[in-house]
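Order of writing sets the labels: A, B, C and D. Residues in every chain begin at 1.
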Amino acid sequence: MSESKVHRSGRHFLQIPGPTNVPERVLRAMSRATEDHRGPELASLTLRVLRRLREVFRTRGPVILYPSSGTGAWEAALVNTLSPGDRVLMFETGHFAVLWSQLAGRLGLEVELVPGDWRRGVNPAEVESRLSRDASYRIRAVGVVHNETSTGVTSDVAAIRQAMDRAGHPALLLVDTISSLGSIDYRHDEWGVDVTVAASQKGLMLPPGLGLNSLSEKALAAAGQARSPRSYWDWKPPLKENAKGFFPYTPASNLLYGLDVALDMLLEEGLENVFARHSRLAEATRRAVQGWGLELQALDPGEYSDSLTAVRVPGGHDADRLRKLILERFDMSLGTGLGKVKGRVFRIGHLGDFNELMLAGTLCGVEMGLDLAGVPHRPGGVGAALQYLARTP
Amino acid sequence: MSESKVHRSGRHFLQIPGPTNVPERVLRAMSRATEDHRGPELASLTLRVLRRLREVFRTRGPVILYPSSGTGAWEAALVNTLSPGDRVLMFETGHFAVLWSQLAGRLGLEVELVPGDWRRGVNPAEVESRLSRDASYRIRAVGVVHNETSTGVTSDVAAIRQAMDRAGHPALLLVDTISSLGSIDYRHDEWGVDVTVAASQKGLMLPPGLGLNSLSEKALAAAGQARSPRSYWDWKPPLKENAKGFFPYTPASNLLYGLDVALDMLLEEGLENVFARHSRLAEATRRAVQGWGLELQALDPGEYSDSLTAVRVPGGHDADRLRKLILERFDMSLGTGLGKVKGRVFRIGHLGDFNELMLAGTLCGVEMGLDLAGVPHRPGGVGAALQYLARTP
Amino acid sequence: MSESKVHRSGRHFLQIPGPTNVPERVLRAMSRATEDHRGPELASLTLRVLRRLREVFRTRGPVILYPSSGTGAWEAALVNTLSPGDRVLMFETGHFAVLWSQLAGRLGLEVELVPGDWRRGVNPAEVESRLSRDASYRIRAVGVVHNETSTGVTSDVAAIRQAMDRAGHPALLLVDTISSLGSIDYRHDEWGVDVTVAASQKGLMLPPGLGLNSLSEKALAAAGQARSPRSYWDWKPPLKENAKGFFPYTPASNLLYGLDVALDMLLEEGLENVFARHSRLAEATRRAVQGWGLELQALDPGEYSDSLTAVRVPGGHDADRLRKLILERFDMSLGTGLGKVKGRVFRIGHLGDFNELMLAGTLCGVEMGLDLAGVPHRPGGVGAALQYLARTP
Amino acid sequence: MSESKVHRSGRHFLQIPGPTNVPERVLRAMSRATEDHRGPELASLTLRVLRRLREVFRTRGPVILYPSSGTGAWEAALVNTLSPGDRVLMFETGHFAVLWSQLAGRLGLEVELVPGDWRRGVNPAEVESRLSRDASYRIRAVGVVHNETSTGVTSDVAAIRQAMDRAGHPALLLVDTISSLGSIDYRHDEWGVDVTVAASQKGLMLPPGLGLNSLSEKALAAAGQARSPRSYWDWKPPLKENAKGFFPYTPASNLLYGLDVALDMLLEEGLENVFARHSRLAEATRRAVQGWGLELQALDPGEYSDSLTAVRVPGGHDADRLRKLILERFDMSLGTGLGKVKGRVFRIGHLGDFNELMLAGTLCGVEMGLDLAGVPHRPGGVGAALQYLARTP
């Protein structure tokens, strides 16, 4: 039987960096009766959703929606634009960048992975230098994670584009915005991105289940040449069907109902306001971390993420033990350290449908957890965050 | 059109002392399709709900459920047991006690209202003395508010019962538990209460819309004699119909669906655990108030409420201005000062489906609000609460 | 544990004449988080709801909303306008008219109940004659049920008003529209009604839990004189508070959320279209009954109800056995015969959020049930209804 | 803005052969708050869901769940077991069989498609003969659609297995049960199927968004050899993670909540009862079609589908015009003719959460539609269905 679990009073604090807290209004929309996927009403909803997604990606080009996880959208970006044996330049900015590069390898691409320390974003100079050396244009694409969900480090996509342009290199620019879209300023067209990869369960404030690609003209042209075998991920059938509001498969209709409302909410608030809100909550979180005397995983203030903060625990202490204690004692989920920072880092998600008092409760939970777990820290983190939130308009 | 309001991100903090934050599980249950009120399924649900409500009231006697507000349940308690001209002994413990006494007056009862300062509960010695002086038994009922929602002060019902017994007086004991039932220990049978008055929207974790009475044998006997005109509130028809799981009118079925699940939750957690949780969160709140150097409306620690805390603002400051600022800036609703403490007091509700991090967020909102509103206070309130919550198991 | 019942596949057909099938959109609205009943958002919702309810009642006067059943709204109409000992002229048109008259008696009113055969509406000539004979104006109010839910018979309220006017009698006109409002044309102001009584669970497409009164100027004036003791039902406090969007008690907020959406739906469809739809579905139902060769409880075609149809079963057959068989075999609830037609009549509700194919399924269930129960009938009922529905635009 | 469409009264009849009418109980479950995909509660839900899915597939082997449409599950079955250039034997039983074969072609497989007339299932003798002639075992897999959703024709999977065994051929048996699983008897293990393909939106009573594979030992062994490039669809990572209740990607959690409840419902009713119910409703539908004097698309009674019925319209008449008329006039969606039967066929879905009166309403809508569209037919269809439903226990 479902829902037989022992009751814990009050709301769970879901402070992993996604899936995020889905607004009730979105959850209610998802509980609408499923309708005919070939009928006129779903068609008009689809057209409305796709039009408004373009606003969110800041693109005039098409957006493709898959019933999939974000990993599916990663795969779609690669198989539509590249052919087996093609070289892709990628950067080890963190766990998800590594996973994406491994996925590329499994699909028969040759990955040039620039090593990194998981504490910094992509170095545009490195991009320029690598591409400049690639006189024969063996590199067909540059793959960048805009916001590394495992480390809370962003990369400067506009600067990377400029570096590519300076190198005069024709490679495509593929960008993962899974944990930034709808939370951190992002501009597909203006920044000259060819394929943007996204997913539903972060800034879009939906449950998981939708993967997204947005496409430049150049990406579409590349798709005409690419020889990676593909069917489910092939852009052509949805591009054709979407024009009329349909899909080449049965779409995940109830997630679309939710997406329609989530887009209402993002656009009602205004993207600029959404970004400012995330920025403010992120800054308060970092002030708390500084107040505790703990270290951020991100080294460069210019690269701090506004959607999550990865915090390093002092040597000899286990971040997962802290997380477990906080979950059991305060019913809050924090993000685990992934890959090579496992046990060294915990992550606080502060993205999506989130506000100041939810953040305050979150930071109080962390502060009490640090205390209970015996992790050395100063007590003033919450106070520093509150002071910032109260005094900065 | 509904739901057209401008979006505010994240969850509203509903920290008035009721209606409380309704659990999602209860809200979902309320969205079940309405069914035949004379059918077998609603009958079995009704029997299950009434049986388990008795556990919550701690009574073996009947519980009556009205589609009504709590004021309706007040009226029901009076019109079923008393006749026009009957005298009722009541105590000015706060705004709701005054409202109940005024209601009694409108129904033709003669109210003997013992004056009070709104900072203390009922004095059992006063009960004993008043009743002892009433040698002719003109007083037919003693009406007491167990937990004054306007002041955060409780009265000791067991001690009042003992005082009545010492006086050897036959008056009925009527008790309002609207903001205590399901939050603070209460025992209808053991404490010798004749009519307990309750409502759905506080510790029962439902939206408003149901009023409740639980009845002693003596109350039932009084109902046989009482001459107040009554129809809707008359206990006899529901007592007869409820035995089979029906009602003498169309019941508020979807609130019953919610109540069924709310009772699941209360009994899964266990009433003792529910009370302990409320007690712990209330103590943390009071430590925050002390930390801020502010004054509680309640004067006697033995009478502190575990479901809400009324906080006095220093002279020259307006509690409602503070509340408005907190609502606008942090999207949190706090309780207003009612009646003669209007502007002097704000109230923090910490009852119902509530936990430590929700409370932490609440207290952070108050602390930031005090700062922004320029209400003189010390900054250490949140810290004191966190220290208590973290260090006290 | 809730919801543990054995699953029956597919949707239950709730074809009692109320509670009706609540639209999903309304149920979803009711599952919104409960908010502060003294906050600005609920205030604006309340004002919007009250304004639009006036459109539904077709009145420019105030509408009062109670957390109550319809019986509460009956009581409110009487206690606000009349004093103990006042005489009320009522008509035995069916079970609910009788219940209302009994309620009046319990409240100390003197009821003059004109006997009836439960198959016809109020005779305006009788109204005129009774009032004309009452030279001393002992009769203070005429109470009429617009649509008798127990019999499927309507009364002509406009003609009753004219009869009262012809008699030149000052009695108030009180009308129960519990099963007609929002389903059958009704005009509070134009027809000169003083108090209209309604409830949420029929044409308003909500679950039960709200009772309503709409008031004429004359009713308001009478309320100033009436001496029935009252508090919960007293119009004055809500009239005062409602002007600002508030209530003198904690309102049943989640039912208000549902009401807001139900009003969206009624006004989007347009009241005239709503009435035409009910009329069409009712006519199809009657054609089915005629097709089966069964008899309607209503005798006069001019009084046929458009919200329900009461069908007589031939002598020697038990309508409740038929209903039970249909419930068990086809998962459809039909209305029972009430009071003196118990076992002789079953009722088909065709009001609220309802359409042609839902009606078709309903009538098929009745036809199969008649067959299985061995109730003598001709087989052509469904066919006659379908022919009407298909061929009449 | 979402949900701004003009209201149509009552429930839409969603009678396409999937997505099916999702039970309210499932929709409500899907509106639960999204939780940590790496937390203990989702893990236990996942283990419970996967265990019970095995009961539904009737297998002791693993079941793989993808956030995807059914077409994704088709692709997964192929890329995990086959290598580019491998030959697959498929049968043109209808539109979906053709689509699956085209998908195989796009993935670099060589398809041997046995032509068909879209009115019959797979001929086991043809399977035997084709495989017997394939002495070099070039055919690596036989792909069969158990229930052709475009035609309402089933294929006898057990007989196909026996034919393969008689031929002594080692090809894998891949079976699409997208529109049969949970509606029509199916036995993965007993029938010797290697990969079963399914999706959420038909007999599993969920919205679209989940694709499923169930796997034999032989399929797992084949996956160890297959050289089709794959990442998202690769069985290995989920097989490893699922053992602990996790996924190698963020799962579509809210669809899993719904699936958990849908499995409650299927297993509460009992699979045998579920199949019997579908069989009964399908037979009633066919009797209606015969009553109308129309022709079924399926030619062989032994191959009639119990989840949908495809009906041929007489020459010169357009099935899509009929469907459009029924949608506009009666708010019912029927399935369109797909591929080469476009305009010649309409399809009635009678699967999923469905019962007798819903079917009755459906058939009434078709009968009225035939009448209004001027499609030649006899009027007795509904009557024949009702007679069957009433008289056959």
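Criterion: a residue touches a chain if its C-beta (ideal position, glycine included) is under 8 Å from a C-beta of that chain, and two chains touch if they have at least 3 such contacts.
Since we're looking at a predicted model, the values are computed, not measured.
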| item | value |
| --- | --- |
| Comparison of A-B and A-C (more C-beta pairs in contact) | A-B |
| Furthest chain, CA centroid comparison against subunit C | A |
| Subunit B and subunit C, separation of their C-alpha mean positions in angstrom | 34 |
| Mean-CA-position distance for subunit C and subunit A (Å) | 54 |
| Computed distance of Cα centres, subunit B from subunit A, in Å | 45 |
| Residues of subunit A touching at least two other chains | 1, 3, 11, 21, 24, 28, 31-33, 264 |
| Subunit B-facing residues of subunit C, complex | 1-3, 5, 11-12, 14, 16, 18-22, 27-39, 41, 44-45, 66-72, 75, 84, 103, 106-108, 199, 201, 207-209, 228-234, 248-255, 257, 260-261, 264, 327, 333, 336 |
| List of subunit A residues in touch with subunit B within their complex | 3, 6-11, 13, 21, 24-25, 31, 264-265, 268-269, 274, 277, 330-332, 353-358, 360-362, 364-365, 367-368, 371-372, 379, 382-383, 386, 389-391 |
| Complex contact set, residues of subunit A against subunit C | 1, 4, 24, 28, 31-33 |
